[in-house]
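Next, two complexes with subunit A in common: one pairs it with subunit B, the other with subunit C.
Moving on, here comes the complex of A and B:
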């Protein structure tokens, strides 16, 4: 009966009985978090202020009147101070701790950079450390799961274990996972991995200075970033061109080179652009996954008229070319308050969500119908389980993996779609960095020495989209080993290109 | 459980628990072009006594599963009533229906599909308990002075003699009794009373959490169905089919139902485990006084476990009665045919095997009159054709059947459209069909090239050469109609001419033995011969 006695304990008590592994794990996790507390809170503040901004402008639009500005102001103030607090918090891996900006005196020494390293190496060191930190953090989370399985879980086996095992040997899926992580890391740690910050290099270039050693005057001079950028912009043949992995005349290092007018650092542009792409992609896919998942369960559970009406709605949406719908949204809402949130990003994300859910719903409708036919759904009905609970407990777990698969595959499509819109000059408004616009601005220079402006973002988009598809493949094979080799993903990839 | 025990328990509790009157369940499959609903259950009446096991047998597609599912309200009845303890449950909805569901549970056929494989066995069995907030702690207070009683603290007051907790109020102390189904010690219940004049307030607190009780209950159920407590945290994948079916049974028993529908509970299992699960079901019935509706297509299993059997065909109950009696001496022509297919262990009876022609008609478009009339080997013939030889009669029936089938197929959208457009969908060669129907032996073997080159009317003449003149004229008219493309008219003609009461009127359930057995067949009417001698003469004839 001792077996019974232990199985009787709730999780909390199991923890109390054998706290060592858990404490150890939490301790290390705490240290890891503390190292980057500044970066983490600033990301959190960014997200919260984005949301608050959305809510505030929605409120302003809906309610109007004098009340809102004061509330909005209060929230704004609170957020600004939160942002200051976040900035004040130390982050081990930041540009302040490992600076890569400095100037070289004729004797060859570097001033202002981390340990007097060449900016190239200082930047590289920071980049490597940031990614090392991220992978260490994830590895520690995985360890946490293992600790839970070994010490605190009752079941000696769950169906999830098999999935995890299969994913562990799935190289293609792992490739996708790593690519997606690199992309997500780029977005999350954009301030830390960029050679310079977006504020300095993109938004408020006239307010910042850069120091450099002027060989003519033989002294250290200062120039506004605005002017430095203009001087070092890549404009193709015959003029200035700062290609990938080069320094400009102000001793600034550009891993991806510079852009054309007004000459921003391309890597910084891409890193912050990744944030936009990821945010819009996640919101769009989130919206369509929720819609598709919800509708697929409703239609599979109730069938009949509910099914028919959703078929009708989704067919209507699908019969319109997605890109046209998006263009329409952009055109109609251009001066609407919704457009102001995130430079049109939120609206675009919602529009993408609406365009994408019918495809996703079609993809999961079959599995949903299949699950609804299972006798355990009838069983739940037979003892009076509520329909919503039945869908959540007995259908959703089986659809989640499908949603994840198709969601991750469509995410690549959304990223391409936004890039496509920006390429057409319609997506995210400048100066907010967006990958598609980088391609757009660079397209005149493709045949010149400034080819990098278009090519690098283009290649990155291809890699990221491939990565999301590979991840989707991996999840699919992990979930259902029989499907290996089938090319179910091809359709989702192909349909992914919104533009 | 031994036979005697079963008989005894049946006799002591003969009042019906479930009574079904005129029950119909139709499905509207939502086809286009105004298709007919599927008449899965088309008017059945029967009752199941408390503690009894009623078997429900029939070929697949006869509606037995739909009937079972309608009884536990998984399907909505189209018409008729299901009285459970005298209350019509087809009209229940909302919380009333949910409350009633505790009483009637179902065990599904496929143990692969009936358990959610993402949940542990413990969670699966526990779910019904969570849904119904079990245990509800109904409290009965026994007060010798019969004062008005109120309750504070945990639980709700009830007059039910099935209360979870019974408190007997004494002069200066109270005794507490906890119902057997709840795995809780009396000492966990703290009771105090305050008296005020002619009223008494009982305050009660239960010292164990509900979720702990539910877990304990699940472990108890696991043991009850022959599994182990440690299986609580295992997943269905880790079990064999038989073990999974036990989990399904445990889940259906969790809420302590009175009535359980067993939908082919062992047909998906290995033969070696079937017997074990059947024994378990019998033991559970004895232990908890359960009433079963046992749906099966394996007749020997039914014979083994059921007190009474109902035989279903095309949405109707053809015969219903005591198991042994029915198996030994089937009265209904359908039962007779069905049972003739299983080898009789008793060598004394020389029942010959009856092979039925064709397949059952579609429940979307059942025949008029008796549902079995399209295949019945002993169908009543019109008086003027009583003496026609077997082969001719067989031919007439077959021809009618073919026409009927074609009519049914034409229910398909394409055929219908073709017909609407006036396109040809007729026979390739009706004469071939007539030849095959009326001279089955000669067709394959002797038909020579010369014969095949004969003109159609000559071949028809040859095919019908053995057919009596009275029949022949009608067949020829029918063939003409078919050749003119009017098949339904031809079918109508055959039905009018050769049809009988079997096609024209629905039979009634006639009592066919003194134990209350009933059979749905016209042949039990005094003016006709009983089915059995007719069968005998037919089989002798062959």
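Moving on, here comes the complex of A and C:
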């Protein structure tokens, strides 16, 4: 190691010697980012304001007093103006640039839509462009890695190259990867890919209008979205039903049809629902990965009493089905201030994290014990390296991949669990959209013309969960080709049984 | 170590786990942010009833002074050990929690029994079938079907299946022109609701009870069915490539004998934990499945208790579930040693 270290130039030096490929890559990346700067900042502002809201309500609950509201107000104001700025920034692929909402006059022409296209095609165009943009962006990031490998990486070969090669031929894992990307894209670009915005369609329906051509009065009329939604709701047999891929009487296009009450657009609901599913899934898995990773290193390093006590605690948590513990938490915390944040989302995410970490810990315990037995850990110990540093530098890198596999596999379980709780009315409260609630509202209409309300969200859950499982399978096979067997991750794979 | 010693050790180890789990439940219920009395009685509580309830739950003394938390904890745990689980206040005011659980349990056991049985009878044969014909179309079909089937959320599957069965008459008339009603098939039963399990000795009511439980049992067993299929397939593939099977083939044993005597028996071993982990799925899933099918079992009772804030009942139910699951775990470990004597008692 010491020999190569002397001849190896730092990354910065290597960059300075041959800056052209890197500059080219960064330039194109900048163009790609600039195209969507509005959307990116608005996602960032959404995340920040969500965090700030959480912090503010936590502070209000803990401190109270008159100081906090004023600070909270100031932050709130700043964030609102930031949101306005973000909205003002141009996004190439937004509803404003490619509008899909318009009305049709009797001569068959469309007014208000992009280039006078039918709303269906205008929406489809935007959807395809958004996903094309996303995949192009990711492909460019991948190019960036290739550029790094070709021009700047010191080593000719690293084990990661083999992993990448194995993933390239793993069709099942690639299927999972694409499904996960489609889902993440749906969540991130929810405002751009849904036919109408959540604000218009879910939160403030009475404040927005929709224009349509009325055949009776032979003129263009205006109606509040609230009333239009009520008229175009799908309520099963004997009423008007707007199924998938249909227009309602106000010339609005509904790719997944409308919901029963109060007739929101199902696709918009699902796209924004994907956001909360993904957010809760990521927070929950993040919490459990941190807990499981930390505990697995502690137990593998110290063994003995530490190990025993963690075994004890995790066994106790696992001695009850997770969904029952979650139900209990929901029942107890329902009027608590933590519940206010994100309509219960944050609390549920934390609870999921606490319920899920024992399973994850069990899964990575074996690898952690293995790595703790390695000579390099022993060497680090005998050099007098601090235990935390040893764990971080010499154990964690080995465990990260396992945490990634099992984290990916459990994420599907969290999505099913949160949908199940919301279905029972004990999860995410309205009006925040959640997939399980869509299934709940449609449960009386499964065998009626409004079958889509329950069926489509359920099918999407199945596809997304299968995708996360497949991705986990793919990563596992790529990292550890010897664990080819399917039962290695069976304990962690998400299944519908949890909810 | 003899089998009995091993068994005793497992039982002794299970006690602190249940104890600690129930301590967590106690913390959530009693030290959590929600007052159990307010949760049960709602906004317009009668002060007298609230007082009586507090005294009965051991939160305050009869003279109105609060009982310290550690004393509550000791009372709570002793009550659990002596199985005096208190009264319900919302679901069935004044009834004993234990009586309520005992009254509701048979239906959930009936449901659980059939869902385990159906999952076993369909999942394992399909998995073995796929494992004996690897990389053929039936194998891909079964494997992929298992993966998708497993990923279906129970509650969604329950809604779809119950709705289709409820309106089966109209649906079949529209689709194939012949009205076939699931409710009238063989014996008239309801799809939604609770059937009586009163006299199962009578063949007619036995058939009715089985027919009534089949749809929810299929839904509840769906995830396990997929798991058993996948693992059964892998297990068969692994055993069929092992040395002793090759030896048997070299000896000239017939395929039938090899498959039945040497492959299947050994392939059952990795399935044991899957079957016992089904118990967790059953209890968790029964909350949703029983709610959708309106079955008055323990799952729906748990849901009602949580929904209506009957925390005493919820605590009691969790205790019963925890004990049941520990028993299943112990039985699983014992089964292991019975099926495969090589698995030592020292490994836990």
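Quick note on the criterion: the second predicted complex is superposed on the first by the 485 of 499 C-alpha atoms of A that agree within 3 Å, B and C clash if a C-alpha of one lies under 4 Å from a C-alpha of the other, contacts with A are read in each partner's own complex, and residues count from 1 in each chain.
Going forward, a residue touches a chain if its C-beta (ideal position, glycine included) is under 8 Å from a C-beta of that chain, and two chains touch if they have at least 3 such contacts.
Everything quoted here is computed from the prediction, not taken from an experiment.
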item	value
Which superposed partner A:397 touches (first subunit B, second subunit C, both, neither)	first
Partner, of subunit C and subunit B, that touches more residues belonging to subunit A	C
Touched partner set for A:375, first subunit B, second subunit C, both or neither	first
Subunit B versus subunit C as contact partner of A:383, first or second or both or neither	first
Which of subunit B and subunit C A:443 touches, first, second, both or neither	second
Subunit B versus subunit C as contact partner of A:423, first or second or both or neither	second
Which superposed partner A:455 touches (first subunit B, second subunit C, both, neither)	second
First (subunit B), second (subunit C), both or neither touched by A:329	second
Shared subunit A contacts, counted only where both subunit B and subunit C touch the same residue	none
Complex contacts: residues of subunit C adjacent to subunit A	16-18, 20-21, 24-25, 28-29, 32-34, 39, 147-148, 150-157, 159-160, 163-164, 166-167, 170-171, 222-224, 226-227, 230-231, 233-235, 238, 270, 274, 277, 280-281, 283-285, 287-288, 291-292, 302-303, 306-307, 309, 311, 314, 317-318, 321-322, 325-326
Residues of subunit A that touch subunit B when the two form their complex	3-4, 7-8, 154-159, 304, 374-376, 378-386, 393-394, 397-398
Subunit A residues touching subunit C - in the complex, by the definition given at the top	312-313, 315-317, 319-324, 327-336, 412, 416, 419-420, 423-426, 436, 439, 443, 446-447, 454-455, 457-458, 461-462, 465-466, 469, 485-487, 490-491, 493-499
Residue numbers on subunit B that touch subunit A, as the complex places them	30, 69, 72-74, 97-98, 101-102, 105-106, 108-110, 113-120, 127-128, 131-132, 212, 215, 219, 229-230, 232-235, 237-238, 248, 251, 254-255
